[in-house]
Structure formats: C-alpha cells, structure tokens
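Let me begin by presenting the structure, written as structure tokens, before commenting on it.
The letters A, B, C, D, E and F name the chains in turn, as written, and every chain counts its residues from 1.
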C-alpha cells in the first residue's frame, strides 16, 4: 500500500512540561504538519508513505527531512529551496487554561513553492491514495494550484483521494475557503471533516449528521465521510469518539475519556489509521474503532506524530484500555 | 490605577516535576511571596504596581528585583542591604501525597529592615490602594511597626487598604497574631480571609459566614470581605470557588474542578484580581467571578506568580472553561 | 528489628516524563528490584535492613550499592563479581496507553551467583525476618538453590519468612514456577500474593478469596496471606486497596482512587510496610491500612523505591488523603 | 546619562552545550540583536537606556520586551504590531568546528515598521547619545529611512551619534551598503568598525590603520573610531584586543587569550562600554581598556547580552585576569 | 558509490557533561559502533551506505535502526531477532582524568547471529566496497565465520575491502586475534591500523613505519595502509594527525591541536572519509587531509557519529581551522 | 584506619554549566563543606571516615546525611536539630571571568550547636586521626569551644590532629582568627596551609617557605606542614602543584596544567589524600605526589567531593596524565 501526502512540515517549538510561553527559557523542537503527521502514522502502520513538500537547504530544513526519514517516511519527493521552514509555537494547556498555538509559517519554502515544481504524474505513479488537507490551499495561490494539479492527476491515475477540510481561520476566511475548496470536492473520495466545519467551508447543513453526510455523498460522490468528536471538559480531560459514514450508514466508535498528555495531532492520527484500514478493506465498524483508538493514543504521546504501533492501536481498538503495564 | 504592596520576596526552590526533596539533584528557582505575587498579578492586569521591600546587595537579591521588573512591577522602592534573601523549598504533591513547604526565611534582609527605612508619605503618594498580609507583621517587631506606619499614612492619604490575614503557624502563635493584627483592622477597607482563619486570628465566629462578615463589617468598618474555598480531594484534584461579601450580600463564583499543576499562589491571584476589579468599579458579582477565574488559572501555572493575561481571565470568568486549544 | 532481603538489584532506565522509548534521547537512571525495593522501604521505616545480592565490580555495579547505602540499607552482604548489572527499561504509560517494561537482566552478576557464595548462617544471624520473591528462583538454578538454602537456615534459626510469589511469565513458565515454588511454601510464614497468581503458581483455587486463603494456611501453615488489588481504569487513574487474611479473618483497607505518577513498586511498598507492622505486633486491621497507604503513596513517587516516611504513611493510613500542602 | 538605541530584537535559539543543529531536540531561547545588546549593557552599567523598536503583539514578542525590562532597559518606546519576531538559530562552535548562525528574520515586525511610526523628536528628547548599526538600514527601505530621520533629529537636538557599521552580507551587498551608509556618516560622531569593514562599506583604505582613521575623521568629522581585533586560533581559543583612535592617536588595550564560552555579542559589549566611558569623560586609554575588558568578559557569558557588572569589568580592565574564585 | 558495512550497533549511555558514572542520575542515549559510525559518515558524505547487522525486535533495537535511517543509512539488511542490544557506558574525561568505557555487549542479537543468516551474494551485490573491523570476529565464532563468508564473496564480486584492525583487549587476547585476523588479511585491500596495533595483531614490526607498511603491502597485497596518530596531552587537549601509505609513499596530513568535546569515533570518521575519497579517485595527499579533517571535526561533536557535512570537512581540509562563526 | 572529621555540611547551589547567577532558572544541588569533603575522600580511599556535625530535622538536612552515607561516610555522629542547613551559592568562572561564591550559612544548625552536644571521648574513641579546619572556630564561639574540647580529647587519646587553617575573611577578621587559632596549634600534628595564610592567621613569616615551616615545626611541634600552590592563568586554566615539609625537608610534586571543570574542593582533596597516605606510612615524596594527584583530579569533577578512586589517583600520581580513554 502506497500513500502520497502533500503538505507543509514545520518545526514545532514547545516549552517543557506545562510552562507558559512567557516563562520558558527553552523550547523542545519536534516537526509537524497535518500531512506530515499522516505520513508518519502511515509509515508506522506499515504502509509505504511518500511525503511531497519543500524545505529550505539549511540544517533546520534538513532536520525536518531527517525526522521523517527516522520514522520510515519516504522523502525523495521533498524539494529543497526557499528561505525558511515554517514554525509554530505550542503551549500545553492544563485544567481550565487552554493550550495555545502561535503560527509563524508565512513565506515558508513550501508556501512559496510553485505548481511547476511538482510533477504529479511521477509523484503519484503507483500510489493507492493521495492525502491532502484544506491547509494546503489556505497557504496561497501557489499551493492551491498545485493541489488542483494533484487532484486531476490522481483522478486520471485512479488514485483514491482523502481530504481533511482542516479549516484554519488564521490562514483564510470562510468565504475564501469555500470558493477554493468546493470545486476540489468532486475529486475527493473520502472526506474527513465534522459538521460544523462542513457548514463553514462547504456551506452544507442538514437536520442530522447522517442526513448531512448522505447529502454530501450524493452531491460530491464521496465514498465516505468521517470525523472525530471531542467533549472538552478541560484542557486536561476530554471525552472522545469517532464516526464514519459510508454506504448510507453511520458507524460509531466506543466513547473514551482521555487524560491528555498532548492534544495536537489526534485528528491526523485518525485520518491516517482510517486511510490504512479502508485501503486494507477492513469493514467500516472496525475501521472507525481502529482509527479512533489511534487518535486516542495520540493524546498520550508528546509531539504531533502518533508514535504508536499497529499492535498497540489494535489492542486498544479491541477493548483493552486498562493501561496495565506490559512487561 | 496605582497599587502599593509591601512584603517579602523570597527565592522558591522546587525539585523538577513530582520529584521529592529527598531525591532531587536540582531545584528550579522562581521568586515568590504573597505581596510580591499580588504585585505581579496587578502589573499583568495593567495596573501600576509598586513593590516595597528590601533585598540583599548580591546577585540572588538582585535576581528577585530583576524578576519583578520583568513582569512590569515597579521596583524603585525596593531597598538594598542586609545579608540574605529568604528562601522556601517547595515540593509538589501528587494524588494522596501532600505538597510540602520548608521555610528558610529567618533573618532575611526584609525581616530585619527597620521602620525608619520606609518613608510612607513618599511611598504611598499617588497610590489608590495599599496591600499587605498578616505575614508582614509575623516576621517580627520591625516589619510589624512598619505596617502600622504604613496603615496610618494610608488612612491619612486616603489610600484604600486591602489586607489578607494569611495566618502562618510557623511564624507566630494565634494569640500573638490576634494581639498584633486586631488593632490593624480599623485601617483595613477590604479583608481577604476565610471564616476559620478569621476565627483563629480575629477571634470572631458566627452561625453563618454571612453573619460573620456582617459582624466584621460592622465592627471594623470593612467595605467587603472575600475568600476562596477549596475542596481538597487530593493533591491532584481540587474543587474551588470564591466568595465576596459586600453591601450586606454574598456573591459566589461558579464552582470549578481543577487538575492541579501548581497549587501555590492561588489566593494571591484572587486578591490581586479582586483589588483590580474593585478599584475599577466593577459590580460585585463580576468581581468575584473574575477574581476566582484568576485564582483557578493560577493552579495551572508553575510558580507562585499568576502569569496570565486579563483576557485569559476574562474568557474563563465569562464561561469558557473548555480548555480548547487557541490557535 | 532486622530484616534480610535477598534478590537482584537492577538499573532502571526510564525516558523523562511521558516520553516513549522510541522518542527519548536520554534515560533517567534509578536502581530497583522487588527485594531491594522492600529493603529500602524497611530502612526508611526504621528497621535494620540488610540486602543480600551480588553486583559487578565496576561503577555501574557500585552505583547500585551506593544508592542502597544512601537510603540506609546495609550493604555489607552485597558480593562483588560477575560481568553485568541487570537493566530494565521502563516507559511510563498515560491514559489509554499502557506502561511498558523491557527486561535486559539475563546473565547478571546476581543471576549467575552460586549457592556456595552465600553463608546463610552468617547472613541470617540475628535477623527477625527474611524476605524473598518468586523472581529469585525464576532467575535460574543457582539462585533457586540459594533460596532453598536460605529457607532451611531461616527455619533453623527461627527467622520468620515472608514471600511474594511475584510470578513473571518472561522468566519462566507457570509449570516450572509451580514445580520450584511449591516445595518452598512450607518454609513460608506470610505469603504475599493475589488469588489469580496463587492459582497460576500454586495451582490452588477456591470459591472465595477467604476460602482460598484458609485452605492455603491449612496446607502450608501460613500465618497470613495478603495482597493488593488494582482497578485499572487507565494508565493514569487506578482504584486500589489492600487485603490481609490472618487468624481466619480478612481485613480490608480503605479504597483509594489514585492519580498515578509512577506505577512500579507499589506491591513492594505494601510488602515492606506489612512486614514492618506485623513484626511490630500491630493489629491486623491497622497493618493492612498502613501497608496499603504505603503502597498508595508509592504511586506518587518516581522510581521503584517508596521514598516516604513512616509519618507520611501514618497520616494517610489514619485518614488524611486531602493532599493539602504541609507548610 | 541617557542613551537611545534603535534596532531589531530577535529570539535566539541555540542547541544546548556543543550540540549541533542536526542533533538537537531542544533550543535554549534568549533574546538578542546588536542594538538591544548595547542597550542591555548600558543599563547594567548604570545608564538610562531606552530601546526603540517594534515587536508583534503576541507572547513571543512580549517575551523580548520582558527580557529587556528584566535587565533595566526602558521599553516604553517599543511599538507593538506586525506578525513575527525575527529569529536566529545559533550553533556553538568548538575547536576546529566553526560556530554557525542561520537567520530567519525577514518580514519581522521591526523590519516592516514604517518611518512615520517613530516620533524622533520625542524619542530622542533628553538623550545624550543615539546608537544604531548598519543592520538597521540593511533591513530595508523602511528602517533605512527611519534611521535617516533619527540622525537628522539627533543632530538637531545635539545628541551624540555612535554607529557600528556591522556589515552583514546575508542582508545586502557591499555596493548597496555603501550607497546607503555613506551619506549617513556625516551625522556620526563615533564610528565602530574595523579596517576591512570600512573598506567594504565605506570604500576607504590606507597604508596603516592610523592613517585610515585620520582620513575618516577628516572626511566625516568623526570624533573617534574604534574596533576590536580577534585572532581566531580556533572556535575555542581566540586572541583579542581593542583599539581606539581619537585626537590623532591610537590607544590599544592589553592583549587577551580567551577560552570561549559564547562568541556572540562581544563587539556589542565593546560598543556599549565605550559609549558609557566616553560619555563619562574617561581618558581614551582607560576607555579602550574598559571596553575591551567588557568584550572579553562577554565571551564567558552564554547569550548575546553581556551580563556583567561595572565592577567586574573594572576589575579585569585594571589588571586582574586570574579568574580566582571570589568568595 | 555503494558501501556495505558489517558490524554491531550498540546503545551508548553517557552521563551529561563531565559528570562521572558515580554521580549521574541520567544517561544520554546515542547509538554507536565502529561499523555503524562508518556507515553514517558515508551516508552524510553522499555515498549509498548499507548497514548489515542484527538487532532485537523491541523498541530499543528499533531505536538503533531509526537512528541509522535518520542519517540516511540503508537499513533493509538489518535483521531482527535475539534478546538484547549491546550497550556501552561512556564517561567523558577532562584534563588529567581519562575518559572511561564500560562495555555490556555480550550476548547481543548481533554477537549471537549466525553465518547462515547473511546472504552475502545479495548483501554485497552492486557494492563498491565492504568495510568491517576486528571487533566483528572478536565477538565470537559466529560473527567471525560470517566475516570470512563476506570476505570470500567480496573477492568474488570484485568488491574492495577496507578493514580496521580495531583490537579490543576486553574482547579477546592478542594471540586469538592474530590467529583469526591474519588469514583474513589476504582479502583486504586497504588496512586501517597503526604500527603498535599491527604489531599486536599481525605480529609485524619494522624499523620505520614506512618500512612496516611496505612489508605489509608486499605480504598481503594491500593497496594502502592508513592510520591516525594522537598525542594525548590530557583528556581535554590532543595533538592529532593522519598518515596514508600507498604506492610506496607516505602522505601526512597537517598537525592539529584539538580541544576535545567528545573523543570517541574519531578513527571511524577517518576511515569513512578515507573510503569515500579513495573510491572517488582523489589523490592520496588530498585523501589523507580530508580524512584527517573529518576525524578532527568528529572530536567536536557529541556522540560517536561524525555529524558533519562534506563541505565542512572540505573547508577544514583546505585550511580554514579558524573556527570563525559562519553567518 | 579511622578518621574523624568535624565541621559543617552545607547545600551547594550552582547554576548549570557556565550560567551566571543572574541568568539561571535552576540550581544543581550538591552537598559540601571542607571537613565533609575530606570525610568523603577518605571513605572513597578506603578509610573508616566518621563525620561529626549537626543538621536540621527536615528533608534538606537529611539529604546532606544521605549524601554522605551514599559515599560510605559514617553518619552516626551527625546530630539533628536546629533550623537550617547552611547554603552556599557557587557560580562557575570561565576564562577571564572569576568564579563566585555567595555564602548563606549564618545561623545554621551546626553553627549554633553547643559544645555540650559533643561527647568527644565517645566520638574520638578508636580514631587514628582527627581533622578540622579554621572554618569551624570561625563559625562562632560555640563551635570554637567544641574544637578546643575535641583537641584536648584527641591529645589525651593519642589521636593525631590534622588542621587546615582555611582562613575565610567573610567569617572573621585576621586578628580574631589569630587570637583563636594560635592557642590551638599546640594540639596540631600536621598543618595544612600555605605561607600567605600562615602569615595572615599565625602571624609567622620567613625568608623562605622552608625556613617558615621549620620555624613552625619548632614552635608548635608540627610533624609536617603541607600546601598546594596554584598559578591562576585564568578561571579555565591553572598551574598546580603540592608541597610537603617534614623531617626538615621539602618534598614537591610534579607541576600540572589543569583545564578546570570545577575548581572547588581541590585543597580538601589534597588534605584527605595526604592524611590517608601519612597514616598509611607512605614515604613523604610519594605522599605529596599522591595527594597532589588527588587534588588535580578533583578539578575535573563537578561538585566539592572528589569522586575518584584510589586507583585513579595512583595512576596519575605515578605518571599517566595522558587522559587516554580507559576501555
């Protein structure tokens, strides 16, 4: 199974423990980005994951590549050039104090890369699936056009397309997002997005989630729609579950109560595990249990990347959430 | 708005994470003290906060000053001299294991400073409020007399006085505290203290909190009495709320369940926010919600200082305790 | 009170915080092992604790000795020689992600030590109790025979024997464990083990715990049987309690809900506190409350060793689990 | 003595110890920039130092302000707005391996600030000196024009101007630097720059340093020219000295051999100490000894800021370089 | 250029900074081993480097693989199985205190791997060179026989063989080393070893180094012999140089004085760079300058791996050892 | 061999690496004091070392005891009581920047302990030697009188007395020191002090060191006088040597050039090693080589304690200062 993901990889700078930005004297550096997160999860699950992106030709850029390589992601399609690697600062929340993210990603090597730098026929050759998110086109005209090229080629080559709407209000307006994303939907096979975001970006609403998803599948030809839900009791404790709509039916995962170590990346862990299971032909009910278990575990791992194994996810998905020490 | 606070600033030495004193090989150093904590909160809220104290003329003493300056507290009234900066060792509790504090504050530069070193007419000139706590007089005769001088001058200059009883059994007996504190009460406009402490220090009891506060306001002419309550389920989880009695009525905050990062300083955060709101003329109900939200957030921040912004407090005070990541 | 414990001490290597093995760049090093853990607890409680073992003649081996010495354990019976100190890698679990242990203890100095190296008449002279666990014989023929020698000598010298079955499937099969452990039981005065483990190792089952323990006491002449129970809600939150069966009756501790800092070593903390209390002639009900409180506190301390004082255990055992800061 | 400095403050991210960019998992964060470095040194020396700049309205921007405030620099002229704080990554060199710096400062709040945001009449009012460097105009047209405005106002108000040419090839070409910097020279009273840089930027050369400086003083009316020289034996050991040309004579400092802790900021430490001494009316020979001693000490302090006291500099300047422990 | 290296990869555990084993509470973990070190250097230089080895199927084993992958080493020939990853503990020396290494590598997955697990025809197919060291056969009969198989296949396939004698007295006696290594020499094309080691292992001596190397080339058909020399002034400062004998002539590098950050791995860095240069057809004099520069830089990098770029080595090799900061 | 040392043990708080007091956010905690340092060295050399002191009954006090116990020092004579453990803050120097120490030791449990708390007949029973330093009496009347008691008892019991003058100007004046120390000299067998200090405290001067020592031996009956000399080139590099005068002759050690890791404790390491060697009956020339080698190694170890083995000292004393890695 070969999956190509296309997106930005950033350096994530985080104060240690629960330190706030204002009090830290150091930052832990990891590497992250929705599409890179998905690629790492896929590689850890055993898929051949190729990451398409661009990073600057200096040590910080190379660090991002080395980190992907460390986890087994293919990096031969990562272009070099441009001036900077995007950065995001993340502050861990706790109890009633929310986590915080400050983006410093403008003018990154990836955001300024141009459509002609990507030869999608080559990049997608032999791929089973292509994954991108709404963050890609939100980075600007260049990346947006590169997405359109990728989608056309994917369709042509019979590569299945997974898209996470991933709306980010800091990057663009809902209006602009709708304008750009809507025409892309016809190329998408599986949509990852929850009802409020679907309303914001695609402008679709319905009286129930199931009706909404049915409507979307009819309109855009989606094979499936999936999302995760979160009951934010506090920054430390969340309720969590996943949903998958396909073949006219909704499949729900178990409901988890999570003591959070690191909130970021859960949705990407879900996407990756869902892609892996769907491409493996697993039944829908198992798909959503597995993908949700992956996302739940991601909350217990520092960093965006979901550094867990297929066996660990499987154990939780099939029911053991006791957390007993494995000797 | 200008507020003068008077008290000791100490170095706080804490093992990292949940390490116990007996196993640590290093201590994180922050700077703390009830009145300094209040000054920092006030400065972060936007008030002009002046801290009156004394520290030794060496690097450890200067560190305390630099740290106050960093957060915008005025330090021009911090005297230099004496031999040592008081120190307190703090061990974080967890679950059924309580936190622990070992004080090593005797003979500090501040405790040995003399009343004639403080020119209260100058120090309080232009101030809207003066804040001190029962720790000040507990440090000994010298500081106690300086407090009396300050109170007299405050009254004379029309500066509103806020006092936190802050009884510390390691520093003095209840009897001695009562003897010293009671005569000071007539200068106090707003008392910060809970019923058990009021009973210990002022010797007043009543069949209900409201009656007790009414009685105190009658007896000492307090404009208001306020306190925070804590249900200590364990060292990790606490229930928490605030109360403000004024104009014959009691105003209560929402009730919070807190996952604790650092327990120390919550009461000071409450005091500071209450001072800020009361001086701003905010209605009593909003005052107590805001002050309690400030105190709640303080439990999520390492160190005594409540390193949060007015906006962050406002957000929680007006209802969003979901802890969702702010991007 | 003098207690001799016999077993392996290992270096425990653990990534900081909640980091996973796969992402860590450093390991915190502590020293651990069921019998060493018990010795340290006993020394901290005030008993004379002698540890009998063998470590290699290099710095890593000496570190283990120094660490025991630091906590007041007698180390004059720790032999030197062999090639390596056993190591175990421990990864902290969180929420739904279980903790993990990787053992690398084969061929340790202790596992390869021979029965003739231990002069039990000297080692047990003047001792009130001897403690060992099922891990000892599981390390191989040599240590197994040394245990048999020790048990015979203990009986001869009137030294009370405490044994924790401590079955480890990575070290031996249930069949082999049963074959080796069963004949040792006649020397044991107090058995520490829960019903499932008793079934696995001793092959005994009954319709209730009380009946099972009665049956064991009859068959092997145990004075008492005790164990701790754990409701693993997740790797972060556990329910916990202790039981002691003696004189035909079962005594239960209070039930605790624990927010876990470090899971490992709780059972050993229980054993040590129980030994201490039983040898002190404390009534059974108090024994189990005290021992369980010790085990509960152990969950709040990083490392295997239960670095708490007798007073701290007493405070929790007699009812104060509020975790309020002790100033 | 009041000195106004104008420039960018950046966050400096550095791997711990001698770790390379490619192997680090964390960065120590300090705040830096030639003009900010000078402001901090001046404040530590006892001058009133005001820093004029612009930082974004988020926590990372505020950190830069808090850090300046901590050391006593006036920050009331630091504007807020824009999107990002410039960042530079610094890798410590060792032995034959050179240190490395990666700049990521484009599009910073300061670089994009416009001349009309700076009211120089107010900003320079009451100042004794104004300090800027060639980095300012190198950041672009906007800052360049702001410099020209500042210089005109300084001249008008009789504020003495100190300028460090500080040529950075990553920011602009020599040709562009010459074009922009040359017309500014007529406003400058004291030039800080070495002969090779003078040749690059101002295009002036002479057969000896003394002749070159004489020529410059004649041409531009400089009161003095000063610089530090470095014999780079390796990244760990450097020879170091200072020179000051004024009144037709060259004054040289002692020659130091330095074991380097942190190379960056030495020149700024020299500039600040020289400004302080010259404004204090100290004789030229003492000025250069003091300023060089300041720069030498800066090599022993981690971070750009020269966190040393006037007394410490004085002690070294007057001859004690023994490094004996001060008890 | 494709180079296959065959050997053990271990986890290296090192106390931070200059801490001694006896005082450390944590170990920094890196991964190392002579042949792995060479593979990483080759990958960083741009060669296709394949590492042949065996690691256990658990996280610690996988970490070693991930780390190699991170630096671009091919890991598809790393077998899985066995029980443990070898470990070595390293203590940094300083001044007159020597560094120390404690090996705990017996019974590793690699040491117990059997010759039949390695299909050398496949492993060496397409390779330009094969690298192994005397540590391989020192690990025991199994690995020794695997080496013999590899050497035969290399000869058959025309793959050039580089061998570092790397005698380790902790692993085997000189006599046993001579017995095993001597027959392997006829397969070796380039020998990496200094005269004392050659005397110990191969039993050859001569009145000058040049005569010794001539004799060896005659006897075994070596194309070249090379080594590095070290003048150990202290654990902090070493003199260092390289020598290459080929075509009847000796080529010497410049002489360096090094301030040491981390001593270990320098020889492997030399070997890798020499292999790279010789396979690239670079003249002998340049080869030895480049290889020595690589080894010198390795002393400035923490960990065994020589994490430097080809450009950085080239810069030093061609003469710039000033260590000036690169901006 | 049993040696009793009498003195204060303090907590030493030091910023990590070369961080200055003013910039640190944490302190590494070790335990130290001249007499405790000597006790630890003696224990590591294999002597029975008993430490006589007093520490407070809280965790910080117990930490000091645990640390001594860890290194094998006898602690049964460490009294409990009083309020605080003395603290000293130490800042590492580098290059031209001197190290710095801030003492905060007044009113420690030890300084306030009274002569009647020490039963010298019991404490010194069976001892071969007694060691104290001039810091003891400098702490005040109480400790001073305890010293006099100890000296009398030592004489009576035939216990050899070693005294390091250790003059500290922060604790007392030269005049006071002379008044107190001079009468103690008649009890001293071996004096550890250099000529300038002898002049300051004992008021003795002579035209050569040898004459001075001869004069002292005549006057006070010293068996020997010894000291170490230091050429402080900078805080990073020192020349170093030892001298021992006995039997009318001066014995000098080799001269070392040291790259300093941690300067503090070198003199105590010398004293301890000298005591050990002299009590072992080693010839004077070997004594001073061994003692100086111990002191030299101490400069390479972080913390006051000289954590080196007898073998390591012996290796350096007999000539190997190459610092080559020991595998």
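Brief remarks follow.
Note that contacts are C-beta pairs under 8 Å (C-beta built on N, C-alpha and C of every residue); 3 or more make two chains touch, one makes a residue touch a chain.
Since the structure is predicted, the reported quantities are computational estimates derived from the model, not experimental observations.
Common neighbours of chain B and chain D, listed by label, are A, F. In a homomeric contact, the two copies may use the same or different surfaces; for chain B and chain F, over half of the interface residue numbers are shared, pointing to the same surface.
A rotation of 120° superposes the C-alpha trace of chain D on that of chain E, rounded to the nearest 5. The centroid of the Cα atoms in chain A and the matching centroid in chain B are 45 Å apart.
Computed from the mean C-alpha positions, the centre of chain A lies at a distance of 62 Å from the centre of chain F. For chain D, the set of residues that touch two or more other chains comprises 17, 20, 22, 25, 66, 100. Screening every pair of chains for touch gives A-B, A-C, A-D, A-E, B-C, B-D, B-F, C-E, C-F, D-E, D-F, E-F.
By the touch criterion given at the top, residues 66-67, 69-72 of chain B touch chain D in their complex. Contact residues on chain F toward chain D in their complex (touch as defined above): 17-20, 22-23, 93-101, 103, 168-170, 232-237, 263-264.
Residues of chain D that touch chain F in their complex: 17, 256-261, 293, 296-297, 299-303, 307-308, 312, 316, 321-327.
Within the complex formed with chain E, the residues of chain C that make contact are 13, 16, 20-22, 24-30, 58-60, 62-63, 66, 83-84, 87, 89, 91, 100, 102, 104, 106-107.
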